[in-house]
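One chain, chain A, links the two complexes that follow: it is found with chain B in the first and with chain C in the second.
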Partner chain A sequence: MSVIFNLFNSIAFERTASKIVETFFDSIVASVVKALYRSSGESLQSITRLTHLPSKQVLQALVSLIQHNLASFEYTPQRQVHYRLNKANIFYLLRKNKYIHHVREKLGVAAELVVERVLEEGSITASQVIVCTTCKLLMTDLSSAVDRANQNPGDRHIIVRDALRQLIELGYLERCASPSSPAPPCCPLLVKPSSDDKHRFLPDDHLNLQLIAQAVTENVETSSSSSGAILPDASSFPDGKIYWRLNYDAFHLQWRDTLLVTSVEKNVGAEVGLVFRGLLQVAYSTVEDKWQSGVYTTAAHVKHALNSAPHLEHCLQLLGEGESGGCVRRIGVGGGGGEYQIEVAQLVAHITAEFLAKRIKEMFGSKAARVFRLVMRNHIVSADMIASACLLDKKEADQVSNMLFLNQILLVHDLRKASMPSSHTPELLFFKVNFLEVVRLTASQCFTELYNLLRKRELLTEKNRSLMEKKTRVDAIVDNIVKSGATQEQIQDIEEMLTDAERTAVTKWLKQQDQILTVVSGITDDIFLFELFSRYYCHVDDLSVGRSAA
Partner chain B sequence: MAGRGRGQTRLKMLESMGVERSEMSQPLDRPKGEAAAKGDLTPSSVYPPLKFQPLPLPPSTTETDYCLTLLKLDMERMRSSKYAVKKEKQQAELERYSDRYRLTVAEDHPQLVVDWTRFPRELNPSYIRKSKKRKISKPDQKSRQKKVKLAGETDEQMEERLKELEKKEKEGGAEVKEELEDEEDEDKDNKEEEDEIEDEDEELDEGTDYAQQYFDNGEQYDDADDDGNDDGGYY
Partner chain C sequence: MQDDAASTSQTPSVYGSSYSEEEKRILALCEQFKQGITVSVIENDMPHLTKQMVVDALNKLLAKNKLQLLSKQDGSLLYKLKDPVLLHKLKGANKEEQAVYEIIERSGSFGIWARKIRAESNLHLNVVDRVLKRLESKKLIKSINSVQAPKKKFYLVSSIEPDHSLTGGAFYSDNQFDSNFVEVLMDTCYKYLATKLKSAEAEHGKDGPLTVVNAAKVTSKEMQEYIERVKLAKIALSVQDVEKLLDTLELDGVVRSCSGGYGGKAGGGGVKLWRAVPDCTPTPHLLYAPCGVCPMAHRCCDMGSITPQSCRYLEEWLQ
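Let's look at the complex of A and B:
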């Protein structure tokens, strides 16, 4: 029996998805998301009927969703337009800060601003993003972070152009599909560019740098630093039909590698972690699809690339053992040296099992984690075996296993009853773990926690709205009088408009908001692990997945 | 009766796990021992007590602080951007029937401007307006055709008249033109007369016919008493 495990298609994510969209876009767009969630495609009329909203607002909401790649549309054979959600992309809204920070660490401030603008608009042309980013650099104090020595300040748009080119070459930005032919109605976002499409990469002949420089000058004169750069009209540039958006997979692949290497380093050692990282890099050079589970590379290739690594053979041997997940196997040992196979899926399952055990330890204690690991390792475990293997009293073992059973982590294995029941036969109780169900349950708990946190933040924001508005007004007045050269007494008088109790309340609310968003950030990291698991185990035939991982 | 059926198996299972019968139906936070003996009637807590407290949050670093600031700014920026669809402001006065059809956009909220070639045509607001205009124009054409028919002519008669007019234009084009010019002159004269009449009326009425019907400026009264004495009064 094959079980389909799709993380973002679950009912647990439905409420969370509309709450995430409401946090970023407001309630009208969230209503449209809610109407689209459970269907595979809805027309405009049915969305208007389901949401009970004016048609103008539904149109604007759909445009916002499509622009940010949260929804897509397709034409049916009856030439009607059907809209559907891209559910995973809704969750990625919460990770925008991580994408921006990742690019800042790797490529610098200019690339960070480019990605920030791309995320803000959803899809944008190259000229538009260069103009807006250059304006922001000129209007804010970030230009000093970008300027290099002996660089002409008027060439900042060239620096931004180079950053954009780097992002495209590394795969962080991808081109939006363009319509192949104008005659029949075709969805421009579903058509993939052909392999001989000369616009696949950033074409220099489509970028008019003079026009861009002129637009930058005009934009700086008209816009202010508080409102930000005004988005220029795309049709006024030669590349007005070539749109770019963020490629989430490129980021996720690098984060996956970091997660795998960190896990190996933590379980075995730093040296082994370095060897594993090198092994992955060597394997990627021979493999086309870096996401595939079984990644192969020859032993000769590995020894040639990692010649400088100390104790290479010993590290490779440790990588094949259980502590590191047993993900690296040597195949075909012989005259040719053989091959090394990296089972990424197995390592992901191992990390997931460790995560679940850690979560159970936090919620129910170390004894519960011990019982969980024991039942995971063995297929079916009796109550007596739990007590003896986990070094617990019989009563304590029964209580712990009962608690795990009540929380649906352990399942009771039904035994076939004897044909002749007698009073002398003892009643035995056996426990087992359905790893997939435990992962699904934990993921749905994470989504529920996320919803609760966002809802709490929303309620506290509403409660403290008037207070925050008052604080904003007082700060604005103080800034104005400081600029006009006021004395300290005058500044103090203005600041006293906000009482001490109000100031304490504002500080408390800001601290609460930071705590809530820190936990939200942590939960998104946890859900990334489940995302990886669902990518490799979306169709599970063998329900004993994870048994060897523990 | 209570000990049979499914309940029996469940009770036995719980007993085999070490749960005593007395503990099966009691809430966890009910006071026990001396407090129970004293008759403590305080209400139970809303949430069950946690046996294991959650771990403290990790200490903040520059990296986490930066990510946190980015997230907060992003949430605020997206809510105030053109992509956040705002509800239309409702008037605080009496609800009127025309409010349903009057559209008021939230003030200071930027308009949504995108490249409409990348979206289905039905999402483009200007596309919807054009189709409404076409619908409105059709009834006017029909009413014009009806006016022509109501003059007493059928379609055949109208076609015959048009053919005759074409012949006349070819044969004696000047006469027809003169006729048309005469008609135009008559129309102009009529319009001028109407204008003159309107002007006179305006001078007299100032918009109303109050002067004609009600107002008496006393001119007739003064004329009747006029004896030619122009010296005026002595006071």
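Let's look at the complex of A and C:
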């Protein structure tokens, strides 16, 4: 099980990666991504050669990529700079809205706007993000959403500062390298934060609130609501060399926990789910790395921390008995009542296996899922056994297993041939499942689907471009005349510049766009499960599916 | 069994003096237990006999054509009194017929096919065929096609019920797997478990999740009795048959099994218990767009005839 399994290192992700970058940046950056994708490090010259682009454009693209943590660079022993992609971070661009939404749910609008700005810039200083976010608040009608009781509206930058501080303290933002100025001509050199820098702390002496308030006033005066706040120069603030970026891991850890808790909840009820979440929190207080495949906590600790939970004993027993997918194991019952081990890896594998079974069910029918579960459960199954074990007609069982074989879900298990083959020894056919391959295959299908959807969206955007431009123009005019106090008749006259057919086409396109983006966002959830699986699969002993893991 | 035997310890003297006391007693036991007896029954009944004495007595009775030897599914041997009517019928039979009949009789409920009879009897296949036909016409044997190899004809003694491996068991009718019947049975089992889960939630919700889970569990026996009550099956299903149904439901991901007796379940401790589990896995988002189920996905790219820009399925999906 020591195969290295990186989901984003696949060929299937290659064109999806450059399409994602093209969607969020431009075709030049996408070409650089394409050139870098298959290599473990390329120099500026070779990227220029591969992309047939001027080196200046390539360098600019690399700056964008590095700023957004989509690429990194290192010096070779020959003092050459080599660039390489951070492929997973490219994929995370598709989850942009999820990160923003998550923060909004947890910390409110101000934090949401901060994260939005950080994602827009890739990396940014605290002063810059406070100025931009405060300006956005002042220029839009979101201000009311953050005005607390008795809070002076002039102090909005304080609210934003507090939100930023909270984001840093909770680990949603992390320190990152700052660009050296001036940047050398060959590479966008970065200055990495020294190891003694506090990554989870925003000291007050790094911020000059007076300077920030002044920058906000100037920014609001010079920028318009449509173009948004202008990014001030980082060097004009005392924290000009301290950059922050999004820490994806903090989000992913919380999503992982939600995924695990939801699975337990659905299996054995909300009450047990709640205790399981509590158990995770208790265990986190004693472990260094929350991503560990198994986290421990003592029973005494659990009982003390969760003593208010109703039916605690029931819940712990259910969690321990494998009713919930084998996620908690009780070790020893000595002195303090033993320990609880939360089998994160095992539960992730269980959820992944069930997810794949569900996919097989939806694609090939419930009988195919039954056969898949049987082979997963028994590891190797003879073709003859499938019919009787799955209560299927022999012909049907053959058809189903053949279909699963053709779709690379079942593999034929090679048995060593008898040294003296004879007509008396019947040819036996055995099936098995290479679970890792099935995950890899499904992930590839996800990437292909993402590519197709993004491509379709691009084509439709192109097709509707002039129509959308016309609509934007009309909306802008209407906005202006409304502000200048135009009559209803005048507004209607302007609105009629868009015909009924055009209006219908706009509505249809917006709906199509929504439809595509909903599926894209959903697929990123599917991939998230596979990401977790790829992180943990080497710690899983038993990938059985379809039976309680007791 | 020992008690039963003891109660009839008096050996009837219908057998003449050519039979020893042990042989008479064995014949009496065979008469009492019509389905046949094993050596251990004889040993229990006559503990004073050594193993060798029992074997000698049995061999003598077999030689006198009074007993027939059958093999059970687990490999143990069963001694059964020979049917006097059959003896009468076989009386007119020639040596070949008797030999073939004995081979078939030895195969018990598993039956035997013509080629194997030929190998064991050293008779020519044509002769075996002829003899089989004759025995069949005398209704001494019957033939059956196995579900495993439908083209193979297996021969059994008329009075013996064929083994499940030949007939396929309760889920086969006329040598065909009855998928519809199985579906109905599985559906019934699942509905019963689901109802049980619902009522457990309603009745024991306040008592804690463990009580709910335990109250939702059902033993295999309980399920078998329920199926018997609703009179779904023409033939009675065994507990093993019901467990097969439930095991298949577990493979469908809608039922979970566990062993042991929780919550004071009757017959706990090692008994298999089953409960319905909600289908909690969400549908993969991959399947929401046509590409997730498209058989042409591996051929779909930016060039050629199958592309996302020209795809009819994507277009239809977006409408």
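As a working rule, the second predicted complex is superposed on the first by the 478 of 550 C-alpha atoms of A that agree within 3 Å, B and C clash if a C-alpha of one lies under 4 Å from a C-alpha of the other, contacts with A are read in each partner's own complex, and residues count from 1 in each chain.
The working rule: a contact is a pair of C-beta atoms (placed from the backbone, for glycine too) under 8 Å apart; a residue touches a chain by one contact, two chains touch by 3 or more.
Computed from a predicted model, the values in this text were never measured in an experiment.
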item	value
Room on chain A for both chain B and chain C (clash or fit)	fit
Contacts of A:Lys394 with chain B and chain C, given as first, second, both or neither	both
Superposed arrangement, angle subtended at the Cα centre of chain A by chain B and chain C, nearest 10 degrees	140
Touched partner set for A:Asp526, first chain B, second chain C, both or neither	second
Contacts of A:Val216 with chain B and chain C, given as first, second, both or neither	neither
Chain B versus chain C as contact partner of A:Pro310, first or second or both or neither	second
Contacts of A:Ala163 with chain B and chain C, given as first, second, both or neither	neither
Partner chain in contact with A:Ile130 - chain B first, chain C second, else both or neither	neither
Chain B versus chain C as contact partner of A:Ile409, first or second or both or neither	neither
First, second, both or neither for A:Met363, with chain B first and chain C second	both
Which superposed partner A:Leu62 touches (first chain B, second chain C, both, neither)	first
Per-pair minimum CA distance [chain C against chain B, superposed on A] in Å	6
Set intersection of chain A contacts, chain C complex versus chain B complex	362-363, 394, 515, 518-519, 521-522
Touching residues (chain side chain C, partner chain A) in the complex	171, 176-177, 179, 182, 186, 208-213, 244-245, 247-248, 250-253, 256-258, 277-278, 280-289, 291-293, 297, 300, 302, 308-309, 311, 314, 317-318
Sites on chain A touched by chain B in the complex	23-29, 44, 54, 56-57, 59-64, 66-68, 73, 81, 94, 96-98, 100-101, 119-120, 122-123, 176, 188-189, 234-235, 240-241, 243, 362-365, 383, 394-395, 398-399, 401-402, 412, 427, 429, 513-515, 517-522
Complex interface listing, chain B residues touching chain A	12-14, 16-19, 51-52, 54-55, 57-58, 60, 63-64, 66-68, 70-72, 74-75, 77-79, 81, 83-88, 103, 112, 114-115, 117-120, 122-123, 125
Touching residues on chain A, where the partner in the complex is chain C	263, 266-269, 271-272, 310-311, 313-315, 317-318, 321-323, 351, 354-355, 357-359, 362-363, 366, 369-370, 373-374, 377, 387, 389-394, 396, 442, 445-446, 448-449, 451-453, 455-456, 459-460, 512, 515-516, 518-519, 521-523, 525-526, 546-548, 550
